[in-house]
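Here's the structure we're looking at; comments come further down.
Naming follows writing order (A, B, C, D, E and F), and every chain is counted from residue 1.
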């Protein structure tokens, strides 16, 4: 799964309609990171939206126990995993930015992102794959006449960028991520605008110049990602 | 995914080494039921085995939220699903019967059975697929020199049989299962012996003669299942 | 509490109306296994039955902490016991088979099976004692005019059979159960039909012939159990 | 279960060795309140006592679901019942006062008080019955040579007193308790000293004179209780 | 924070309107024990009061992790602290005694008592401070026209008394509490009547005479407490 | 608590040694947002650090129930709040960046950030106040001789910036935050480098130019924050 250049994505593929029950079901593979993203629509909303006519989009992220090098215990026993909670919230925020919730009706679309195999960048792949599943679910609701107008207002995708000893690096796999001093995730639209920026200096703090180099790489990665998605869909 | 005869299995396929991290990873498809079975070995045992030199085999069964026609909430919030608990215990018992635990060392092999798509017979597919993942994990431990002798003492597989208005029926899909009055699961060895029998009359109780018809069908199904597995492996 | 023959039940007694609040309350003693079975009717049903006019029967099985040789911690701290979950589901399925739920009205009868003292066969005693508590609760609802017709369509009871070094053995106590290679539970009607069969080979798998010997013993045990219950009720 | 006078206990009986596994097992009946108290000794102590050579006595109180007029849901689902928690702590404190923990060795005795039938005064019956179970458990540990000297330093029992429209009343049943404006529980030794006093004015606050009347009644009740226990044991 | 005499309170201060959002917010300092008591009114009641027109007052007590000499883990992970549960119930009972719930409307006032710094007597300070927060919340509801008549029927406060080697002692700090053999809490009205008495002999049982000495000290402490509160408010 | 200009912080104050038990205890007030930050050192580390000689810094963020306009239920009942989980992780990451964990010994410092009153920017105030508490705790460990060299390698602080109809705005209170379309949090060092950037477009995505305006404002805010902290300490 080698890639030649530091500004290149790992090989990306999306399989639409991977499973049959959910309204949208996409298996995204980005290098050795595989995430199954399903989108299920239900005719109910959280309490704070009841009676408002507005809908909701939310996400749940989870690693299958066998997805990582060391088996990860399930969250069953009342001990939710705080990393998964944080990522679920990020994916939900990112996908809500793609939808005009007032056009969705009192309906919730839940995007489940279950990581079958993890090799870095699982939260970004969840957003990119989740966007595709969300699009497919909305297309199905439109085709079934449950929605009369398309509530999608933009498309989003996400990519990670890091800094290691050789400088900025696009789309880190697990090994690269482990050695990088800074790890940033960019959620962007197909017009190059920002929906979410989240980055942490795990070792040395980073400078404004380093940030600028990373956002340049991210912009290129997002363009390549949309090209890859659309090329594979055409 | 039609099948012609009432004593026929749905199409079965097993993909070995489906993912890369776990010691064994098998995607089993039986009709539209898809289960990802991973086997992970860890150098620890439950408290009651500490210091005994014996090992343990256990299983965890779970449905992905998008695997069913209606989204199934995750078990996160401290409310374990009692059906999943019952099936996890069944799969664990069945697979322990395949192994001489005294030859495993103080080591636990956990078989995670995550249903990607459900269409009836998920517990049986978990046992059959889990057996393959367990075999692969043990082969890997032998190859790595972590085990000096093969602790497998037999192979097991499982199949469901039901009774509907037309009589006994092998390998029920979800629709057939919903209408069947009786639903039995047979866990058997490749020599035709029984490891577990579990059957429930959901409507009318069944007679000894009906049971005998079901066990005949199960024996044929188990033979066909082992043939399918080995044919695909050869 | 010795018994002379391998095809004999341990001494069985049922005390009806053991406590005063529940609609049915039965203390069943089978050898040194004592289970308090109470049946409580409530005017509510699970969500999936609301508005259907149908009722529900469910069961909860639990061991008191002091019921076993080693104190068993309570399930309080959000860690439900998976064995209890499995048995609760078995008892509930068995007792639902005795009732025409469409004649029960939108009402739930919960059978609580609390083991005061455990010496093997607690799940079978829970079913047999639970059936008596359920009968008493329904008789009370009929007497109070809350039910206009009897929804009971059959009576069920349950017995365990095992195989040890000397062959098949009826109604195992804890010590016998610990040494038996196979342990089966038969839930049957008073007409000798099967409601549930559940058996596991903990050591060597069992053959069809061994199964046939066990089911013969079970049929005798069930007959003796109904005789004992009715003799004591007369 | 009528009683003639306001300063009289309801009929009291204690059955020792009610079940066989626990070190002590007492069924106490006080009127229609029945509590099964078992005492189990285990060779472990809470973390704060490890290495100190001291032991621990603790209690757990629980109502069986069918013990009350309306079925009480179990505490399984991670929602511990706060009333049970408070009573468990009271019973534990009361029984620790009876024991010199430094003579117990690094050992925990757990007193489980499971209410089979509730009709008022269950916390007091749990203390009185729990004391008997604790005595029996200690007698067994002495007989087995696990203890070389008797760590019991006093005996305790408990009784409730209330105030209703007619003045102070000893040993309230559920109906009396529901109408009483004040409810006090006295835990006392067989020498008439206080181990715990706990009383609440649910309606009108009470005066010092009313308190004095209640403590007089309690002193009589405790004397009668010890007489009843010892009379029945003789 | 020394005090001169054994029948003296530690220095007491109450800051009203400490924070701005809650209907009542009081920071009570009693020696080095600091408790933030907030009272929040909500237009909902527990299920058992729905449709009755009556209201509810309840309390929740909690220690901040850094409030004690050793950090106390939060209760987050599904393990509620049983001491906090017991104290929450005590505070709730005490404050309900101050209110005519039938005059409150279908409304719940929750008193949150969060201990910022603990040095003994936190439960008593929670009651005294909680009473002030409750008074302020009711005053606000009256001012806003949400209540038409004042539902307060009395004022309560609480104080601890103990017995150490030198006899009875009022208002114990943590060190005194640790060495005292008996620890009693008195919840009393401003007219000197009792709302709750709760006392435990942790070492030697106490006598009636010792109890009388303690209640005398408590009566003085309660008088001084009301004087201090009102002096600071005037 | 008005502020004159859009590039101005709300009034900031830090009270050191606010409570007495924790190693560091700081009450930070930023406008009407008040957070009590305590730092407690314990001689234990998470399992993955045992035997490594390295230490750990972690944080827990929580809102007191009465801190917000509507009472916020506690997390007690096994339902952790996902927003709090996300913020706890952010604060922990930010403060770990300030410390050389290899110089801390096998010791954990937990920063508890309990929000007494919330008015926007609570996560940033938790980081700024938590840094001060951490500094004080380390100073105490150095003074006590438990650390031989100072493990602090830099100071961090945090500030929020948003975009509303009038452009970028520094240090948003709750009302401003509710209307802002974008909300970013900058964690920076006293040298102006970045430790964490986290920003979300809740409405319209933001452009690179808008981001640059926000980071300019953040840099000024961080400088003012350090000046305020040090001015108040001098």
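Just so it is clear, a contact is a pair of C-beta atoms (placed from the backbone, for glycine too) under 8 Å apart; a residue touches a chain by one contact, two chains touch by 3 or more.
Just so it is clear, the structure is predicted and the values come from calculations on it, not from any experiment.
Taking each chain's centre as the mean of its C-alpha atoms, the one that lies farthest from the centre of subunit F is C. For A-B, the matching interface among the pairs E-F, A-F or B-C, defined by over half of the contact pairs being the same residue numbers, is E-F. Averaged C-alpha coordinates give centres for subunit C and subunit D that are 32 Å from one another. In whole angstrom, the spacing between the mean C-alpha positions of subunit A and subunit D is 58. Averaged Cα coordinates give subunit C a centre that lies 58 Å from the centre of subunit F. Separating the centre of subunit D from that of subunit E, both taken as means of CA atoms, is a distance of 27 Å.
Multi-chain contact residues of subunit F (touching two or more other chains): 77-78, 80. Per the touch definition, subunit B reaches subunit A in the complex via residues 19-22, 25, 32, 34, 36, 38-40, 42, 60, 62, 64-71, 74-78, 80, 110, 112, 114, 116-118.
The touching residues of subunit E, when paired with subunit D in their complex, are 78, 80, 82-83, 85-86, 88-89, 93, 97, 154, 184, 188-189, 191, 193-202, 205-208, 211, 215.
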